[in-house]
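Right after this note come the structures.
Both complexes shown next keep subunit A, but they swap its partner, so subunit B is in the first and subunit C is in the second.
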Partner chain A sequence: MTGSWMRRIGGFALPLAACCLLAAVPLITNDRYLFKVLTFVGLNVIVVAGLALLFGFAGQISLGHAAFVGIGAYTCGYLTAVAGVPWPIAVLAGSVLAAFGGLLLAVPSLRLKGHYLAMATLGFNEIMSVLFVELRSITGGNDGLRGIPFASIGAWKIDTPSGNYLLVWAVAVVVLVLVGNVIRTRPGRAMRALHGSELGAMASGVDTRGLKIQVFALSAGLAGLAGALYASAVGFISPSTFSLEFSVLLIAMVVVGGTGSLAGPVTACVLLTLLPYADALIPGLSKDAVAVLQDWEADISGFAMILVLLFAPGGVAGLVRRAAAARRTSVREAA
Partner chain B sequence: MNSAELLQFVASGLQNGAVYALVALGFTLVYASTGIINFAQGEFFMLGGMLAVAGVRFGLPLPFAVLASVAGTAAIGLLFERVALRPRRDSGPLVLIIITIGGSMVMKSLARHAFGPNELTLPPFSPGDPIVLAGASIDRQVLWIWGLTIVAVIALTFLYSKTKLGRAMRACSLSHDAARLMGIDTARVVMISFGLAAALGALGGVAVAPLTQTAFDVGARAGLKGFAAAILGGLGNPIGAVVGGLVLGILESMSVAFISSTYKDAISLVILLAVLFLRPQGILGKRGREKV
Partner chain C sequence: MSLLSVKGISKRFGGLTAVDDVSFEVFEGTIKALIGPNGAGKSTLFNLLTGFERPDAGSVAFGGAPLAGKRPHEIVRAGMARTFQNTQLFEEMTATENVLVGMHTTLRTGLMAGALRLPWTRAEERRAIERSAHLLRLVGAQEYADSYAADIPHGVRRLLEIARALATSPRLLLLDEPAAGLNNAETRTLASSLRRIRDDGVTLLVVEHDMGLVMDVSEEIIVLDRGCKIAEGPPLLIQKDAAVIEAYLGEEDVSA
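== the complex of A and B ==
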C-alpha cells in the first residue's frame, strides 16, 4: 500500500511539482544570471536524457556527444545568422543533421563493442573538433560564430533571459516525457535486453542492429537539438565548447546519476552543471569560493565518477533505490 | 619534390611514429594483461613531459629529471591500478574503461593545478645543431627519440621472452584463470603492466617534449594517436604496436607532404576510424569470434 503510494508520488506528483516550480521561477525573480545558469542546466538535461537512453539503457557508450551538440549549434547558428533561415527550420535542421551524423557513426560502429566504440566516438569528437576550427567559412574558425539571432517564431521573438529559460525548459520537459515513454515501452525493454546480453536479446527476437542505430540517432538528435537551442540562446559559439572534455563530462553525469535510470542522470546533470555556477543559487557565496569550484570542476566530476563506480556502481539512482528497499523491509518488519 | 625533401618527411614521420609506438606499447601491455583499454594512457605521456619540466625547474640535472619523471609516472600508474581499478577487477570492461576515463580527467586537471595552464619547454637532451643526412636535417633530439624507443623495445622484448615476469605476463594474456591456477600472482602482473605502460608513455612524452613543448592538455590527442597505432598493428601485439606507430607516423607526414598540413591530426583519426570499422583486429591481427 505504502509502496505503491510512494511510487505514485515518485512517478507523477514529484515531476509535476518540479514542472510547477520551474514555471514559477520567472514569477519569483528576474535575476538574469540565474536564468542563464538555469538555461544551461536545461540544455544539459536535454543532452543527458538522450545519453542516458543510449548509454544507461542500451549500454552503448558515446564519448562524442559534444560533437553532436556542436553540429546542432553550428547548423542552427549558420542558418539563422548567415543564411537567414527562419528559426524553427534552423533548429529542426540542426537536430536532423546531428541525428544523421549519429546514424553515419552508428552504422559502421555496429560491430564495435565497449572500448572500441568508446574510442571510435572519441575519435569522431576529435575529428569534428578539427572541422569546427578548420571549416572557417561556415564556423568562423577559432574566433567562433557571432551574432546568432534569438529564437523567434514568426514575428514573436524570444529575446529575454527568462523567455529563453522557459523555452529551453519547455523543450527539456517534452524531451524527458518522450524519453520516459521510450523507456517504459517496448523499445525500452528491448534496450535493457540489449544491455544485459546482446546475443540473448537477438535470440529473443530483438532487432539489435536496428535498435542500436535508432537509439544512437535519437540520442544524437537530442544533443543536436540542445546545441541548436544553445546557439540561439547564447548568440555566440566557438569550437572549444564542443570539445572532448564536454563529452566526458556528459558521460560523467550519466555514470554518477546511475545507469539504467533517467531520474538519476538528470539529477546528477543538474547538480554537476550548477557546481561551477553555485553563486547563482547561493547568494552569499564569495567570489573566491566560486572561483575554486570552477577551477576544480573537472577534478570533482572525475573523482565523483571514480568514487561512484568504486563504491556505488548504481549511482545516485542506485543509492535511492537501495534506501527505498531498506525502508520497505523495515516497515514490513515493524508491521 | 626532390629526394632530400622526401627524406625529411620520412624522418619526421619516423620521429612522431616512434613516439606513437611508445604510447601504443603502453596500450598493448595493459590490454594484453587485462583486456581493457586504458583511457588514461595519454595522460602518462603528458605526465612524462610535465614532471621532467618540473624536475628541471626544481634544480635537478636534466638526466635525473628525465629518469625521475619516467619513474614517477610509473609509480602513478601502479598506484592508479592499485587504488582505482583493482577493487573493481571483476566488473565488466565498460566499468573499468569509465574508471580510466575518470582517472584521465583527474590526472589532467591535477596537472593543470600543479604546473599551470601554459605550454612548457624542456631543454634538449644534447644541445647542438641538427645533423645533416643526405640533404635532410635531423634534430639531435630525434636521434634520442629513436635511440630511446629502440632501447625500450629491446628491453621489453627481453622482459617478455627471457624473464619469469615476462612469462607470467604472457600467461596472463592467454588466460587469467589458468595463470592463477599455475600459481601466478595475476593481480601483481596487472599492476606491473600498468606501471610499465605508464613508464613507456612517459618516455614518449619526455623524449618529444624538447621538440614540441608540452602542456597539461596534450594527453588526449597523444593517447588517441597511440591507440590508433596500437589498433593499426593489432591490439595486444607488441610488434604490431611498434609497426603501427611507425606506419601511422609515416602516413601522417606523407599526408602533410602531399595533401595539406591543416588536417594532419584529422588524418590519423580518420585512419583510426577506418581501421576500427573495417579491420578492428588490426593489419597484423587475426580475426576473432565472439562466443556465447
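== the complex of A and C ==
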C-alpha cells in the first residue's frame, strides 16, 4: 500500500511540484546571476538525461560527451552568428550534427567494451578539442566565437536571462518526459537488457548493433541540443568549455546518481552543477567559501564518484531501489 | 515435417574441430535430445544453429529457408529461440521485465511511439504484461514475477530463461542443460513443463546430462562425441548402442 502510494508521489507529484517551482522562479526574483546559474543546470540536465540513457541504461560508456555539446554549440553559434541562419534551424542542425558524431562514435562501440570504449571516446573528445581550436575560420580558435545572437523564433526574441532560463528548462522538462517514457517501454527495456547481458539480449531478439548505434546517436543528439541552446543563451563560446574535464564531470553525475535510473542522475546533476555557484542560492555565503567550492569542484565530484563506486555501485538510486526491495521482501515474509 | 535440417556442419577453433560434419533433422512437434560427454561440441552446435558462431562448412535450413549469414536476432525473428548453459538473465530487471524483453520482436513500440506514450503502446504494454504473467505461470516461476533476477534462486533462474525464450513465440526452442542444478522434484516439474510446451506446438531440441530426464521426455536422441555424431535414434536403441556406451564409459569398461 505505502509502496504504491510512495511510487505515485515519486512518479507524478514530485516532478509536477518541481515543474511548478521552476516556473515560479521568475515570479519570485529577477536575480540575473541566479537565472544564469539555473540555465546552466537545465542545460546539464539535458546532457545528463541523454548520457543516463547511454551509460546508465544501455551500459555504453562515453567520455566524449563534452565534444558533442561542443559540436552543437559551434554549429548553432556559427550558423546564427556568421551565416545568419534562423535560430530554430541552427539548433536543429547542431543537434543533428552531434547525433551524426554519435553515429561515428558508435562504430567502435560495436567492437569495444568497457575500458577500451572509454579510451576510444576519450580520444574522440581530445580530437574534437583540437579541432575546436584549429578550425579557426569557423570556431574562432582559442579566442572563441563571439556575438552569437539570442534565441529567436521569427520576430520573437528571447533576450532576457529569465526568458533563456524558461526556454532551457522547458526543453529540459520535455526531454525528461520523453526519456522517462522511453525507459519504461520496449526500447528502454532493450537498452537495460543490453547492459545486463549482451548475449541474453541477442537471444531475446534485440538487434544489439542497431540499438547501440541508435542510443549513441540519440544521446549525442541531446548533448548537441544542449550545446546549441548554450551558445545562444551565453552568446560566447570557447574550446575550454568542451574539454575532457566536462565529459568526466558528466559521467560522474550519472555514476553518483545511479545507473539504470533517470531521477538519480538528474538529481546528482543539479547538485553537482550548483556546487561551484552555491552563492546564487545561499545569499549569505562568503566569497571565500565560494572560492573554496570552485577550487575543489573537480575533487568533490571525483571523491563522490569514488565513494559511490566503493560503497554503492548502483549509485544513490540503486541504494533506494535495494531498500525498497528489501522492505517488500520483509513485508512478504511478515505476511 | 522437418522443421530444422542440418547438413554437414563443421566448426574449427584453431587446431580443434569442435563440430565435425554433423547432419540431422528435427521434426515438428517433437522433443529431441542432444547428448554427449563434456567437450563433445553440444554448446558449439547450439551457437552455430542460433547465429552466435559462424560455421566453417555445412548448412542449416529452418522451416525450409536457409539460415546462412543470419545474425542471432534475425534467427529469433525467424522463430528459433534458445537458453544458455550459463544463464544469461538481466540481473537488474525483474522476472516480468526479463520476459518482456523476450517479446522484443513481437512488440512494435519504437523510440518515437514509446517516447510519446501513444495510446496503442499502452494497450500493447498491458497485453504484454498479461502474457508474461501467463508464461511465468507456465514454467512455474509466477511467485517471483516482481523479484529482480539477481535475487531469484538458481533452479528458478533456468525456468525464467525458458519463459523469456518462449516469449519470443518460437517454433523451435533450444535448451542448453535446463536441468543443471535442479533437484529431483524440480526435474520432474521441468519434464512436465517441457511436455506442456511441446503440446502447445513448440518443437524442442534439448542438450542435457540428466539421462533420466532425457530418456523420459525425448522421442529421439542424437549423440555427439568429440565433435562427431556417433548415434541417432529413439531412447531405447541409444541405451543399447555400443558406440554410445563406449563414448560414455570408455573401452575398458565395455570389455570388462
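Quick notes
Keep in mind that, in the parts below, the second predicted complex is superposed on the first by the 320 of 335 C-alpha atoms of A that agree within 3 Å, B and C clash if a C-alpha of one lies under 4 Å from a C-alpha of the other, contacts with A are read in each partner's own complex, and residues count from 1 in each chain.
Methods note: contacts are C-beta pairs under 8 Å (C-beta built on N, C-alpha and C of every residue); 3 or more make two chains touch, one makes a residue touch a chain.
What you are looking at is a predicted structure, and each value in this text was computed from that prediction instead of being measured.
When the two complexes are overlaid on subunit A, subunit B and subunit C sit side by side with no clash. In the superposition on chain A, contact of A:Ile28 is made with neither subunit B nor subunit C.
Using the contact criterion defined above for the overlaid structures, shared-chain residue A:Met305 touches subunit B, although it does not reach subunit C. Of the two partner chains, neither subunit B nor subunit C is touched by A:Cys20. Looking at the shared chain after the overlay, A:Ala83 reaches neither subunit B nor subunit C.
With both structures placed on the common chain, the touch criterion links A:Leu199 to subunit B and to subunit C. When both complexes are overlaid on chain A, the residue A:Asp295 reaches subunit B alone and has no touch with subunit C. Legend: residue contacts after superposition of the two complexes on their common chain; A:Ala155 is shown touching neither subunit B nor subunit C. Seen from the CA centre of subunit A, the centres of subunit B and subunit C span an angle of about 80°, rounded to a multiple of 10. Least inter-chain distance for subunit B and subunit C in the combined superposition, rounded to the nearest angstrom, is 8, based on C-alpha atoms.
Residues 199 of subunit A lie at the contact with subunit B in one complex and at the contact with subunit C in the other. Subunit A makes touch with subunit C in their complex at residues 178-179, 181-182, 184-190, 192-193, 195-197, 199-209, 214, 218, 260, 314, 325, 328. Taken together, the subunit A residues at the contact with subunit B in this complex read 59, 61, 63, 108-109, 111-112, 114-116, 118-120, 122-124, 126-127, 130-131, 134, 199, 244-245, 248, 251-252, 255, 295-296, 298-299, 301-303, 305-306, 309-310, 313.
Contact residues on subunit B toward subunit A in their complex (touch as defined above): 36-37, 39, 84, 87-88, 91-95, 97-99, 101-106, 108-110, 113, 220-221, 224, 227-228, 231, 262-263, 265-266, 269-270, 272-273, 276-277, 280, 290, 292. Within the complex formed with subunit A, the subunit C residues making contact are 50, 52, 71-73, 76-77, 81-84, 88-93, 97, 100-105, 107-111, 113-117, 121, 125, 146, 148-149, 151, 164-165, 167-168.
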